[in-house]
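You will see chain A twice below: alongside chain B first, and alongside chain C after that.
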Partner chain A sequence: MFVTILDIIISGLLLGGIYALIAVGLSLQYGVARVLNIAHGEFIMLGAFLTYTLFTGFKINPLISLVITGPAIFVVGFFLYRTLFARLRAVAPTVDAFEGNSMLACFGLLFIIQNVAILIWGAGIKGYSFWAEPVSLAGAKFAANRLITLFVALGICVAFYFFLSHTRLGKAIRASAQDPSTAGLMGVNINHVLALCFGLGSLMAGLGGTLISISYQIQPTMGLEYTVIALIVIVLGGLGSIPGSFIGGLVLGLVGSIVTYIDPGLSLVAYYVIFMLLLLAKPTGILGKS
Partner chain B sequence: MSRQISNTHKIVVPIILILVLALLAAAPLFAPRYTIILMISIFMYVIITVSWTMFSGPTGYVSLASAAFFGAGVYTSALFGLKLPLPVIVPLGGLAGFVLALLVGALTLRLKGAYFVMFTFGLVELLLNFLLWWEINITGTTGRVVPPVSNSAVYYTMLGIFVAVVGSSYLINRSRYGLAMRCIGEYEEAAAHTGINVALYKIITFALSAFFMGAAGAIMATRWTYIDPHIAFNPLISFLPVLMAIFGGIGHLVGPIIGATIFTYLEEVLITKFPYYYMLIFGIIMLLAITYLPEGVVGLFQNLYKRLTGEKNGAA
Partner chain C sequence: MKARNNLGRMLLALTITAVFLAGGAGLVSAADKDKIVIGQAISLSGPLAGGVAISGGKIYELWVEEVNKEGGIYVKEYGKKLPVELKRYDDKSDIGTMCNLLEKLIVEDKVDFIFPPWGTAWLFAAAPIANKYKYILIGGPGGALKLKDLSLPYFFQVLNFSETQAPALAKIFKEVGVKSAAVIYRADLHGIEYGNSMVPHLEKEGIKVKLNKSYPPGIKDLSPLLKEAKSLGVDAFVAACYPDGGMLMTSQSIELGINFNAFFMTVLPFSPPLFLGTFGQAAEGVMGGGAWNAKSGPGAKDLVDKFVAKFGEEPDYWGGLYYWASLQHFKQAIEKAGTLDQKKIRDIMATEKFDTALGPYWYDKDRYFVNHPGEIGQWQKRVFEVIDPGEKRTAPPEYPKPEWPKKQ
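Our next item is the complex of A and B:
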């Protein structure tokens, strides 16, 4: 009994680590840059496939490709904001109009990235084996790669939290999240900071993708599922709250693990039920301000 | 001058409309089978897109629940297809969409902006995953067979729903009811203060638009003959109409019709040979339309027309 509970908790945390990472990325994009990035999962997918290609084609260790995929996808996100979203932001009369238009633009991005990926890698399911030997943890057994995934994901989240709370740039980002126009008046280069936030959000999606590809099978259409999970997590944690997204990710991972233990077919259903009940009961989330 | 134009408009527009309708009604008599099948797909997307615009156009609430209402219709057809005749199935499918939308509308009243988008999107995925689980664990089926109907029956049903949805959109736009909807879109609180029953108007329009989607789903299921939750609740059915409406232009009734027709035709031409290029092109056009054509194709032509006829300050 004890082992079963431990088993559920640990596998929930393993799942939750990745959820937290991708949700923190989306939270940054929506909370600060005001882009509800429906294409978030596509950046995850890109990260996963880049890692796959680097591993199978060039024999590069997936943990090393973290420092390749992350920056590469950061650059894509950063320039997307500088070109596309900055333009939409400049012409939109209100913040609401910008949110609507940027979300629709993300739909376009979703189709473009997904189909370019299919043209490059094909539509099939891919996967590779990396550190898959089992490790015993207090009686429960796990693949080594999943433990690594959890630690890397948590490490990135914590490092990012310290970046936000202890650096000058982090302070600029927090200021822009609270009030972009006032932050601009205080000398923050808003367009640069927002592009940076969108880029950092993409970076985390890319890193998340790399970690996902280590433990799970990947395919070009996998993005939407992760986008939805990230959306659920940021609502769970409160839109725009980074610590909220982090905790929300772990909570959702635990929920997923518990429901999977009861009936594997119901885990996605459980996510949506929680999501919709939460939207109705407390749209501001666990840590959100009303 | 302008009065003359509006007078000729009064005569010319109805004549053109009647001619187009007559042509559409007579099409199965002379058009090849392939054209009729293509027309059925075009009608399907036009109906969903016009219905979507009926609610989301004036209010600005972006709904991604179209696939849920469409799927409700599809499943109605699958459940009752063997027991009931077609003229009962189609309104019943519409009713399924209508009731679902009433429930969703009543629940989501307080949600705005991104929350509404996420909720409606979550709804489709919830229904899809719940039905998958239900089919596998409770009924032990993976798909259902819908009794097929002749192509011309599907075609005429689609044409009927098309006329109904465009007609209701037109009447709503012209009435006080449509004006109230636009007020809600402009400034919801102000609309409420001027005495508009905001909740009632939003829910009724949402449900009415879902009725047409459900009816289209019910008849489309007979074309597909085999359905499963993935086919019935395909998220693309939610996404594509939004993009089609934006591309065509949501400011005018013709916009969604044009947008849906162009894209469905493009899909037909490209999807058999280059399925991934179709979606790729779709995405690129989408980005370009949002960045450079905020009022859609119709808005572009309206501005061009105004410039040609020499009207100043036309491009607002």
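Our next item is the complex of A and C:
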């Protein structure tokens, strides 16, 4: 019995860790930069495919790829904001208009990135094998690569939290999240900070993609399912709350794991049921402020 | 003066109309037909695109290329060979989109023939549409008993599926001494049909089914099912899956070191680039739906060679030869009919036997292809051997399957 419970909890955390990481990224893009990035999953996919190419083509360890894919996708995200979204923001009469326009632009991005990836890598499923061996924890067995994924994902989330709460730049980001206009008046270079947030969100997606490619198969059209999960998680955790997204991700993973143990056929249904229940009971999310 | 002008204009208009009408008629007249256009709505993106890339999709491209190398298909009505053009639309792995695109191909684009979409549920949706417009639909990847019940005169089933594979698998299991099995299946038409038909066949052969559960498409963790099957101590693990789920359950059982004496999956092992390419040595002993290989006959060897030369990888060892042969049969039916008339070609296809890469090819009274080169395959030393009981066997089954390699 103990082993079974441990099994369920750790399996849940293994998935939850990834969910938390990608949701924190989306939360940053939406909560601060106000871009509801429907193409978030495509950045995840890019990270996954870069890692796959580096591993199969150049024999580069996926954990080392983290320092290549993350920054590379950060640069893409940063420049996208500086060029595309900054322009949309400048011409939008209100924040709401900007949110709507940028979401539409993201839909376009989704198709562009996805189709470019299909041109480069083909539409097929890809995968590679890395640390695919069992590890025993108190009698329950887990795959080594999934445990690594969990620890790295948690590590990145915690490091990022410290960055936000303990650095000057982190403070500027939090200030911009609360009130961009006032933050701008206080000397924060708002365009720069927002671009940075969008870039950091992309970075998290890229890192998430690398970690996903270690334990899951990947394909150019995998993005949307992760975007949907990230959206559920940020609403679950409370829109704009980074710690909320983190907790939301772990909760979703755990619930999925418990339900899968009872009946695998219902695991995906469970995500949406939780989502609906939470919207009914506490529409602002776990850590959201009304 | 004015009246004469008006008359002149009217005459001019009439002349122009007449010229256009004549020209238009010329466009559709027999002499001007210069190619055969075949339309196909298939998943080039979305979750199924991976499946299209490894099975089916490329065979149609290869066939079109091969036919055009010979100058096309000879159609007596036009007195010449007509080259073939494949016109493809992307259904984005969505059944509704596929249905719309298929109707567009038939009604708007007025293509001469259509090729099938990918996947059992997609085929099930496409067959009635083709039938409504009296277009021949030669089934590709996919197959279901439910289609037989519909009895559509313009639909031809090519691929083998649970109806013949489930009994073959049960007989192989009995032969090698499997005592118990766990059956899991994807919760869609493919999985449910296989799930429902495999359990009674296994039980009929005296094999105890200790676990029988479905999983949803898109699941991210199948380890609970693998662990449960292992804890029940079953000999055989049987899964009715699509490539995404199949990849997940294989990699998870390798990672967790969960071994079964027999490991069978419907849709995945047949693919050399995907399955062998990803799992390498671990593929040894894994069984899958199929099956044929280069040893199945000279035509089969020829297909493998052509496919490798064009795509740089081996073809799919479930449907590859089936689709290829069905198209060869189709071409000969068109040539015999001497016309592009659907009804006439259909009648020939339904009754005539033609020689193809897999030997004689014909359809039974339900328009189902029955002369299968094999039902169940198993990877043995990088060859997908046909292990069916009977004369189609290319190698005896390997049982128990070797354990997953410790380190990849």
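Here is the rule we use: the second predicted complex is superposed on the first by the 288 of 290 C-alpha atoms of A that agree within 3 Å, B and C clash if a C-alpha of one lies under 4 Å from a C-alpha of the other, contacts with A are read in each partner's own complex, and residues count from 1 in each chain.
Criterion: a residue touches a chain if its C-beta (ideal position, glycine included) is under 8 Å from a C-beta of that chain, and two chains touch if they have at least 3 such contacts.
Everything numeric in this text was worked out from a predicted model, so none of it was measured.
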{"item": "Combined model on chain A: chain C and chain B, fit or clash", "value": "clash"}
{"item": "Touched partner set for A:Met276, first chain B, second chain C, both or neither", "value": "first"}
{"item": "Touched partner set for A:Leu169, first chain B, second chain C, both or neither", "value": "neither"}
{"item": "First (chain B), second (chain C), both or neither touched by A:Ile118", "value": "both"}
{"item": "Touching partner for A:Gly108 - first (chain B), second (chain C), both, neither", "value": "first"}
{"item": "Touched partner set for A:Ala144, first chain B, second chain C, both or neither", "value": "second"}
{"item": "Which superposed partner A:Leu268 touches (first chain B, second chain C, both, neither)", "value": "both"}
{"item": "Partner chain(s) touched by A:Gln219 [first = chain B, second = chain C, both, neither]", "value": "second"}
{"item": "Touched partner set for A:Leu185, first chain B, second chain C, both or neither", "value": "neither"}
{"item": "Partner chain(s) touched by A:Ser257 [first = chain B, second = chain C, both, neither]", "value": "second"}
{"item": "Set intersection of chain A contacts, chain C complex versus chain B complex", "value": "114-115, 118, 123, 263, 265-266, 268-269"}
{"item": "In the complex, chain A residues that touch chain C", "value": "7-8, 11, 14-15, 114-115, 118, 122-129, 132-134, 141-146, 215-217, 219-221, 225, 256-257, 260-261, 263-269"}
{"item": "Residues of chain C defined as touching chain A within the complex", "value": "44-47, 49-50, 52-54, 93, 184, 187, 213-216, 218-225, 227, 243-244, 247-248, 251-252, 254-257, 273-274, 278-279, 406-408"}
{"item": "Residues of chain B touching chain A in the complex", "value": "60, 62, 107-108, 110-111, 113-115, 117-119, 121-123, 125-126, 129-130, 132-133, 136-137, 235, 239, 242-243, 246, 276-277, 279-280, 282-287, 290-291, 294"}
{"item": "Touch list for chain A against partner chain B, complex", "value": "30, 36, 84, 87-88, 91, 96, 99-101, 103-105, 107-112, 114-116, 118-119, 123, 224, 228, 231-232, 235, 239, 263, 265-266, 268-269, 272-273, 275-276, 279-280, 283"}
